[in-house]
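Same chain, two partners: subunit A is paired with subunit B first, then with subunit C.
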Partner chain A sequence: MKFKLPFKKKQQQQPYKEMNAVKEKVELIAPSENDFTQLIKDTTNNPADLVIKSIPPNLTLIYINNLVNDQTLNEHIITNLQNNFFETPEAIWPILSIPEVNISSQLEETIASLLNGSVLIYVNGYSQVVLAPIPKRESRSLSTPENESQVIGAQVGFNESLSTNISLIRRYIISPNLCNEELKVGKRTHTSLSLLYMNGIASDQMVNTLRQRIQDVDVDSLLDSAVLLEMIDDNTLSPFPQMLLTERPDRFCDGLLNGKLGIIVEGSSLAIVCPIAFVEFFESREDQNLRWQVATFARLLRFTAIFLSVFLTPIYVGALTFHYEVIPQALLVPLSESRALVPFPPVFEALLLELIIELLREAGARLPTKIGQTIGIVGGIVIGTAAVQAGITSNILLIFVALSALASFTTPSYTMGNVIRLIRFPIILIAGFWGFYGIMLAFCFILIHLLRQSSLGAPYLSPYYPPRLKDMRDSIIKFPLPFVAKRASLTRPADQEKFDPEPVKPEKS
Partner chain B sequence: MKKFRIYFVLLFLVSILVGCTETNILDRVGLTTLVGYDVGTEERISTTAVVREINPEFQSNVEVITTENETSKGNRLKANRRLSKKITIGQMRVVLFGEEVAKGDLHFYIDSLLENPSVSNGLYLAVVEGDTSELLQHEYKNIDDIGQHIYRLMEQNIKNEHMISSTLHEIAHDYYMKGKDIAMPIIKREEEFVELTGVALFNGGKMVSALPVEDSFYLKIMRDSFKAGIFETILPKEDIPPALMKDTITEMPVAFDAIRSKRTLKLVDPATPEFDVQLKIKARLLEVHPNINTGDPKVIEGLESAVSKNLSKELTRIVAQSQSVQSDIFGFGDTYRSSVRNSELTKEKWHEMYKNMKINVKVKFEILRDGVFE
Partner chain C sequence: MKSSIQFSPKDMINASLVFFVVHSAQIGVGIHGFQRVVYQDAEKDAWISVLIAGLATHIVALCMIKTLEIYGTNDLYGIHQEVYGKWIGNFFNVIYILYCGIAFFSVLRNYIEVIQTWIFPGLATWFLSATLIIIIIYAFSGGLRVIVGVSFFSIMLALWIIPMLLFPLKYAYTEALYPMLEEDISAILKGAKSMAFTIIGFEIIQIIYPFVKDKENVKKNVHFSLLFTTVIYLIVMLVSLTYYSEGKLEKTIWATLTLFSFISFPFMERFEFVAICFWMLIILPNLCLYLWAAYRGAQRVIKISGTKFVWIFSLVVFIATMFIQSRTQINMINTQFGNIAFYIIFVYPIILLFIVMLKKKFTSKKEQSDEKV
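== the complex of A and B ==
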């Protein structure tokens, strides 16, 4: 059964009236100075930072003060224009010493250009206008990726500027086959975004699908790529993300080079990578930088951590509520003695403690970094010890809960880590109701749910279901390099070969 | 969407209504760790249960309760009336039978233990010399929790292969097998200790005889191949080769650590029936009195043959004893059943044949190492 986003439908039925109205009113530019400036004022609602500046005898400059680069405006436009006389707009073109100049006769294009940081140069009496884009690019400087840090590897993350991000990627992949398609989303915000892929590796079908999906998005505004992801992924109702959000350019490029597609949204420091399999959320870029034994160990550790994180507390609850038979004899006395003072049933005890841990995490995430750390230490130690001493939880559960919280943070993708933490709660509840049967039921439910998911049409549980033995060489267990010379078939790559598996030093092997 | 709403309501109702399972919260139940069965007055069942209760004062105490009733479940009800917590049997580790019960019939007990899903198949069964209640009710000076103590005692000896294993699973397996009888350890109170004193032999569900604990090693190597275990034997004068007899000694105690033993059974004559038993044992020499030169290969060879001779004599003796009481604890009958076509063996039929069975024991004893140990 497919779900459709409810807002998509509504918008199709009731298109925005204002947008249509603007289109219908004026298409062409008026050939008179007063008419033209008035028109600009009307359409842009006469903002306070709109500057209309006349340069005698017949020129008018129109720009938005906060959008254009002052220095360029002074040095390369105004200086050049003041000392000369121009008959036609075409004559201005060669004089301006800026890289890109356009001439337009359409109002809509003119307004869009104005709002993107262009200076409009109007020659009196012509129904054409010269557009000189000199936008002021303000962005935060590049910094380390805070949410996806790694020890060995590049220490640079995306920032909020689309052009900076693309330049970062272009520096990683110097190739004419790196395709960059610009698309716009948002009826009111006109947010620009770039669809990137490697021509000759990425599957054309997937590129078309993704482009179609982005074009079909019909929303008012788009402020972050995470929102776009939710609108274009395969199953919006699933808690599991079906596309990867990353702030690492190297991970993004790694994806592109493996035939994946990437989306970068202006104003967002998180890039989207798709299609992606479930297991890839638990792989870090750093694994590629490590030797295969170490990388395999790290991945196995992370996968154990998922199971610990999701099932440890429910198993505690299930075992103590229903299945006291399975508790090993050596644990029997310590377990029951630590619970002897607790007045609640195990479900309630576990939920309470999990809730406290989640509160601590949330508080730590919302507070400024300096205070956040203090909260973590103070909360962890003080609340933990106090809770045990007050007799509202047992100290063995405290260890279990802390362990599963810790385990959930090993997931390299923060969005997936959140899901892992979230699905624990219903399982604890169901373990409290039905014991191990409930845990098994929940496990089957999650497994079936995951089996049904897809990422851009590619199977989500690949390479395990459908089984693709060759792709398993670089999933939970990472094989040595000569075995992983081919790209995974998840992305249906046009070119499978990544490198020649023959060793560089044949005499040694 | 509407269809889904119905599913959600159904799921909600199911989880609310079916969530009324009986809970057994660990700290709110009394955990029975050991149960002993005796014959009570007027042929009733007398049950002694060792129950561990957890108190909020951070001290757990162990209660030993003896009750008498017509059935074992009735006894549980009765015991419940004396305890502050519900009795559960999921953590039961050992079941003991009084001698009188064992000499009656264990069929009922094995059956009812098997039928109960919360009873582990890994629990140990044993026979008590005398009454179980007397063994359990005694206040031992050094034993805190008698239930756990007996469990550890049996586990330790069985894991180290000093005693035959008698888990419920194995006992039930042998009990329902046509060509094999069950055997269980015997335990006894010796003043302030609980001790393994022997092995009980059964004919069907009835205990018919007992072997002393010293014989359990022979029993083990005869029953199955095994991998560890120290044994000690005294070589009598006639077994010792003259080359080793330096002084005038009457006997020679030796201790071995068997590394590996392998038993092969072969039916040579189905009519009698007659079996060839071949045992290959590899061992380390641990101790030998008096001092002999173990560096001499001839001495070692002599010792090997002496031990082989001694072992086959002892093994024949035990088998003869089991034959006299018609208790085939070694499983010869199973080899017979698998070697003879259409034998249509039943337990009774086999017991009749077992009486007249002949065996030829051949032991090949090999000393692998001596000198530095452990």
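== the complex of A and C ==
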């Protein structure tokens, strides 16, 4: 028995009737120059940047000015075409010194190619056209991953160009088994995206499931991978993301090499990695670069931080509203002293402060970097101190709230960090009404909720539930390398062995 | 066998998880105050009663698994239908469903009472019962995997409570246990019988057995689990016996919680406030498993969908929690339920095993004679 979402099902049932209908009546290219240019103008709504250029005696070039690479056009196409005479479209093919040339007789394909940055070379009188793709690839240069920075490790992040991102990955994984499937999503935007996985490691079943899910997405536009993620993950209603968004190529490749599947969307600097377990959101790629003792310490610290971040303020609220008995007398005195002037009940006080912190975060994220820092200082110090002096909040709560805000930022995944910050609010509220009972209720609810989730069909709380002792060696506690020679069974990898568990010690041999 | 059940491998669980299921089903509200009940009968030899009760669970579990093994992939409800025929079998099934329902109710009502007595005297019964039931419905609707997951986490996340029992040991007076075996054997046995309410829960293997992937490992895990439970009860009982002065235990309703109330840390006092709230996680698998067991039975007797069943069941329990209010009523229900449970859980499975074995012998002889003809 499972409560299924109505719209998800509908989404899957909608077949591609419209697309098929279009495909059935294939429009052919008119064999006359005037007819052909008119046809192109009509179908593309005659844009201002459409260039139609005649090359005597019988050639016509059609391209969109902003999409093609001018230099290539001049040096490798126009120069070659000007001094020759061509009888047929086939004759043009060998003359052009560019890597890819196609010939098409279908209007739809021609238009699609034109919009992707091709030059159409039309020979008068033929119902075929030569397509020479010379797209202008505009992308910013590679930069450091700002949202997922790390101290030890590579300092390069994805950018918005699909081809650059794939070339980055191909440089990490030099293997013929790196599979790259191109898919298109969006009826209007025709956004291309790549589904990447390692053949021989990734489970075929998962690849099929993911491919099917992407193909079932029926939207008219797709502008970012985060939107795609929400459409293809297992439970759209859950606040917890069930697939990882990363801007680090090394994290992406690490995922692929562990049997995960990756998706890169054109125009988005965030790549999707799935399936992923809940605890993996709190693991940083940097942990792999550190020695196991340090990595374990960092992970334990992070998990404690997350627990504190979610439950510290609610515990404060619950204890001060209902359970004074729990607080030892030595602690009760400073607590009551600091709260003596506060006119509000603890729950209101806590919500107010949490809201201020969230405001600071939001303002800091929206503003330019330099101003953002200033706002942080103004907000953090001025508002904090002033609030306490004005008697709106207590000192101790201020510490707790700042601590939990700080702790929530230790989450390596920003999307998961957002969820951690979000779920704190209902828990504070429920703690204000029903104390520890309310907190526990919320805890149980979250636990059951997490138990019910899955990522691409794999259990979300793996390796803890279902318990897989071998996989637990690299989760909250990271074991030394010889113990983690096998891939986690979360991804149902076809090949389990990662490396020889015998440590390399040349001096002993 | 016609009533045996087939599942997709997705619904199946590993045998190692049976350990958690059985243990989490056993530990619940009983542990809050079982000391008094047993102490009334067996006085300072109460710990021997706990041991005997633990031993009894092993024997009964052995019988239960034996019965299940004879039928391969079938649960208790199916076995009832096989053994007694459809009508009488369903009659037994209905009794068992009612038993699960009462067990569910009893756990819920006891927990609500503890919360109202210790933490929130003002919080309405309907509110507590409604919130708990909603959480349970949410877990139940996730299917068996989620319920077993709740059992698993309820144990793993509650393990830290066991070392808390070291705190009262500071004031323990071990001489209180001597002289041993002062009470006569019948008093000790009576004390063991009083343990029934606290130690039941392991009957869930009769229902969950067909869902286990590697059935040959069930036995090992169940017995480990029972041993673990017995050890925990034994520790709690020994700590209580040595901590409380003579006769005091008889007047303490929730001896374990009173033990907790002395525990203090530099940042926290009155540990029982935390423990009682945390106990929600420990009773959660109890409630989920009983609800699920009742649902499995109801599905056998009348074809009913999970959603429909869970709402009817919850509504009945919800209304019932509002009617039973006073301590005496709850205590009476606990005692009566303990008595019924003793017969259903400790006596009946042994009888059932005999019937099943007799029937098996009879039918196999008949088959042999049929073959000869």
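Everything that follows uses one rule, which is that the second predicted complex is superposed on the first by the 479 of 509 C-alpha atoms of A that agree within 3 Å, B and C clash if a C-alpha of one lies under 4 Å from a C-alpha of the other, contacts with A are read in each partner's own complex, and residues count from 1 in each chain.
Heads up, the rule we're going with is that a residue touches a chain if its C-beta (ideal position, glycine included) is under 8 Å from a C-beta of that chain, and two chains touch if they have at least 3 such contacts.
Bear in mind the structure is a predicted one, so any value in this text is a computation, not a measurement.
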| item | value |
| --- | --- |
| Partners on subunit A (subunit B, subunit C) - clash or fit | clash |
| Which superposed partner A:435 touches (first subunit B, second subunit C, both, neither) | both |
| Partner chain in contact with A:461 - subunit B first, subunit C second, else both or neither | second |
| Partner chain in contact with A:444 - subunit B first, subunit C second, else both or neither | second |
| Partner, of subunit C and subunit B, that touches more residues belonging to subunit A | C |
| Subunit B versus subunit C as contact partner of A:345, first or second or both or neither | first |
| Subunit B versus subunit C as contact partner of A:452, first or second or both or neither | second |
| Clash with subunit B, by subunit C stretch, listed 98-106, 242-250, 278-286 or 350-358 | 242-250 |
| On subunit A, positions contacted by subunit B and by subunit C | 1, 322-323, 325, 327, 329, 434-435 |
| In the complex with subunit A, residue positions of subunit B that touch it | 4, 15, 18-19, 21, 23-27, 29, 31, 52, 54-56, 58, 60, 88, 90-91, 93, 118, 120, 148, 151 |
| Complex interface listing, subunit C residues touching subunit A | 13-14, 16-17, 115, 119-120, 123, 128, 131, 135, 138-139, 141-143, 145-146, 149-150, 152-153, 156, 264-270, 273-274, 277-278, 280-281, 284, 305-307 |
| Complex contacts: residues of subunit A adjacent to subunit C | 1-3, 322-323, 325-331, 434-437, 439-441, 443-445, 447-449, 451-452, 459, 461, 464-467 |
| Subunit B contact footprint on subunit A (complex, rising order) | 1, 319-325, 327, 329, 332-333, 335-337, 339-342, 345-346, 430, 433-435 |
